[in-house]
Amino acid sequence: MSAPRMEVHAFGLRFANPVLTASGTFGYGSELAGSCPLTALGGLVTKGISLAPRAGNPEPRICETAAGMLNSIGLANVGLRAFLEEKLPFLRDCGTRVLVNFFGETEDDYLRCAEGLSGHGPGIDGLELNISCPNVKAGGLEFGVVPEVAGRLCERVRGATDLPLVVKLTPNVTDVVALARACVQGGASGLSLINTLRGMAIDARTRRPRLARVFGGLSGPAIKPVALRLVHEVARARLGVPIIGIGGIMSGEDAAEFLLAGATLVQVGTASFVRPDAAARVAEELLGYCAAQQVSDVSELTGALA
Amino acid sequence: MRFFTAKVVESQDLGGAYSWLCLEGCEALAAASPGQFAMLRGWPGHDPLLSRAFSVLSTGPGTAEFLIRRVGRGSGLLGAARPGDPIRVVGPLGRGFPVATPEVTELLVAGGCGLAPLYFAARRAQAEGRRVRLLYGARQSCELVLADVLRARGVELQTATEDGSAGERGLVTALLERELAASTAGLRVLACGPEPMLRATREVARRHGVPCFLSLESPMACGVGACLGCAIPARDRPFLYVCKDGPVFAAEEVWP
Amino acid sequence: MSAPRMEVHAFGLRFANPVLTASGTFGYGSELAGSCPLTALGGLVTKGISLAPRAGNPEPRICETAAGMLNSIGLANVGLRAFLEEKLPFLRDCGTRVLVNFFGETEDDYLRCAEGLSGHGPGIDGLELNISCPNVKAGGLEFGVVPEVAGRLCERVRGATDLPLVVKLTPNVTDVVALARACVQGGASGLSLINTLRGMAIDARTRRPRLARVFGGLSGPAIKPVALRLVHEVARARLGVPIIGIGGIMSGEDAAEFLLAGATLVQVGTASFVRPDAAARVAEELLGYCAAQQVSDVSELTGALA
Amino acid sequence: MRFFTAKVVESQDLGGAYSWLCLEGCEALAAASPGQFAMLRGWPGHDPLLSRAFSVLSTGPGTAEFLIRRVGRGSGLLGAARPGDPIRVVGPLGRGFPVATPEVTELLVAGGCGLAPLYFAARRAQAEGRRVRLLYGARQSCELVLADVLRARGVELQTATEDGSAGERGLVTALLERELAASTAGLRVLACGPEPMLRATREVARRHGVPCFLSLESPMACGVGACLGCAIPARDRPFLYVCKDGPVFAAEEVWP
């Protein structure tokens, strides 16, 4: 048998393979490029960008949990302008697809950020809209929990850019399918799920929360069963857009599980902290898996749960 | 920075909850300078999940040594590793101590497991023929690990313990105070240890007008600047990141 | 200092210490009593009881995940009558507090089960109402996700029994506080949280779900951060009833964390599978923790997050 | 049933992905009978989380032996355990093979790692002076582990391999068919191995009217009847539970 075909098409883009890095776990692309050859990836997703730079939350910002970690980085980022000036040049010719993750505290922030990220030619192949952010106007409730709110945001952002627009969903909701549907109706080109699960940790000796901001986002292998479930629920709803599966992927087999559950692409997050070459390794192992399982085209796996 | 799998050649329990670990297959760490660190991981499964940060203690042909204080699960597992065990290593990482010119005399101040980078600095200074003095403090004598080795190798060493069981009774900063009171000419203070000790060291150095560099710790996920987890409050911007801006900082850069 | 006082009072009951076993993980009390002395516990919670016996789901019913496990036991149980006849006699004199967990597929089932479990004197100290069950009448949607539905169920069950009534909440919702509030308004004497997180697992080689019923409940250390967060959210809402903290408790320190987050009691679940004496050991370690931390009365810890 | 921490005394790689593990501190397993099992766990951290089920291979004064086929993470870690490593044990668990009277001849049918409980049964029969024969099948010769040991100890043994690399070429059930065709007087079949082999064994025994007992596997969380995870479909009720109703079942009780 000839080598399995690993190329995947989604949102009008061609990806060399289905494995991307996840936002916030691979910096702006250059930090880990030395250990994780970008050309081995299907793509990378940048740290979340906002209109203005953000310093992030007070420390401690991270702590380890069983087979996982909590973070409350606070969406620290260099801001739109510095991103375009300082980070984009590297990404222009980095040898893989680039999705830029972005967010705002108001609808306007989101719109202006999407506009600002558009029209730069190569270097930004698509946008990933992070809707798990507190909505300042709505008193801190997240944009991503009420279908109408999320749908409206997608619709407005959709009008502000011509780039493929992937919407990243939060898992901390009763009915993810309702949200997903609203986003697709709002014009989402695809759906990324999942973002982190809300959690907390306490130091029993000091009696203090282990994160300065008390609550944080849980990621890593611990959340994989929840992530697979959400991907599968959304996939079964057949909303007509590709899904990017995210959550606890550490190996090529983990990636295959997400594809089988219904994802077209996957993202590798926390694994890159455990070993810097994780995403490239997942891609390589996924190729090995396809070869061993006599899968001639990796996209056959999508939704092929028996 | 490289990512590779090394192998334990030797491991020794030094007492006082310290282990000494020697790894082979560490050619990539040969270029490490004192103050730089590596992320280590050596157990099966995903729990514990993250690698642990350890300062390079010294390097040899293909080998690297680490001093490991067993304080929790990860350090406990690394400290109990046996010859032949595989250890995954990312390193060398971070910014080490500033390079010293021949006219500089480094005054090293170590508290507890803060010894590791200063041990490396002391040996490097010796190798380069620079004069170096080490002030080394701990709670009790059994925690003054590797002091004998350093003495045997001719490092000028003064010790202090809180319970007086070895060296002077009291804090290592008292030794520093006395040294700086005697003379500050050409001196540069390099320190590593618990935060209160580092703050006190900075204060003493500042009072005597001596340049001071601190090696800091903070929880780390990646060690390479990708997660932004290792933030510490800084002077002229909100945060610096221990893994890429440090772990060694000029004393006045941090903790405004 | 004298030994820390470990006794706790809640729902009008005295518990020798705050550590109970969790429903479905300790059988009907006798299975593990040989390795886990019941007198060392604050109490035990039985496997969930329904009006009629239930055989449970097809196999495979369980699978391991990173630092956790999924189960879809399908609420297999001997049914109310056999419980009263065959299991209750052992519990009458077992040396610890007994809460009977129960559930139904309709409101009527719930009511009749609550009635059937009441009025038996010693052996049943209280009831734990599991509302994470598919509501047959409401087309399979769980009783435990819509505050009005959950509140109404509590109210009706409250009218059907004089026993303390603890309501066990599901974590798979957007707003657990709204649910908790509805249950308390419906008359809940206390709240247990959390039940399992919904998840799934896939065998990449066979392409099949690892559980016959595809979805299952995630438990174990992996979920502790999510459980602590939910307990803390509900505790901060100060609803005026005691909270039983559940989710990934493996050690006395874990138990202390839940107390600090706001729980009055805790339950040990999956840990009993990892070692049969887990709950007794957690109680012992919690005593050790209190002694080491100079806590003279364990109930001081409740909500004492710094 | 007891819960205790044992220690590895010896561990051997038997080839064919099998390890042999001898534990000390297993006084509580002395009363184990063939077919009973224990839940084992011997690694740090919560991943893997659950203990693994292994049939008792044999017991000695304070010791217990296990045959471990390394198929995944848990068995891989147990198979790689080294002398001195602590192993947590819950056991003895479950219902073993029925007790045999002197007039019964046990015909043991083992497939792959199904050997363990039958090895124990064979040795027990020998110790009790009962006649016993073992039919042992595997894919290839290197997987016929412990066959030499059994032969050396005088157990009547016939082997079959799928690739013909040792014993007869073919399935162990062909050996069984031939044995039962020759004579069935006083015979009882005890079998352990992969499910297809057990189903075939049951069918052959049924055809010849010979009582048949099967030792089954199923995923287990607790091993003690508390989780209800180890259900298997049964004949006269919906489910039986492998850990408490089994792992040994009369062939007609299960898989309706």
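Each chain gets a letter, A, B, C and D, in the order it is written, and its residues are counted from 1.
Basically, a residue touches a chain if its C-beta (ideal position, glycine included) is under 8 Å from a C-beta of that chain, and two chains touch if they have at least 3 such contacts.
This one's a predicted model, so the numbers in the text were calculated from it and none came from an experiment.
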Larger contact count among A-B and A-D belongs to A-B
Which whole number of Å gives the spacing of the CA centres of chain C and chain D? 36
Distance between the CA centroids of chain A and chain D (whole Å) is 47
What positions in chain B touch 2 or more of the other chains? 45-48
Sites on chain A at which at least two other chains make contact: 65-68, 220-222
Based on which chains touch which, is the overall arrangement a line, ring, star, complete graph, or other? complete
Residue numbers of chain B touching chain D in their complex, please. 43-48, 73, 77, 82
Chain C residues touching chain A in their complex are 65-68, 70, 145, 172-174, 197-202, 204-209, 214-215, 218, 220-226, 228-229, 232, 248, 253, 256-257, 260-261, 289, 293, 304-306
List of chain B residues in touch with chain C within their complex: 45-47
Would you mind writing out the residues of chain C in touch with chain B in their complex? 66-67, 221
Can you tell me which positions in chain B touch chain A when the two form their complex? 1-3, 41, 45-51, 88, 90, 218-222, 224-233, 237-239
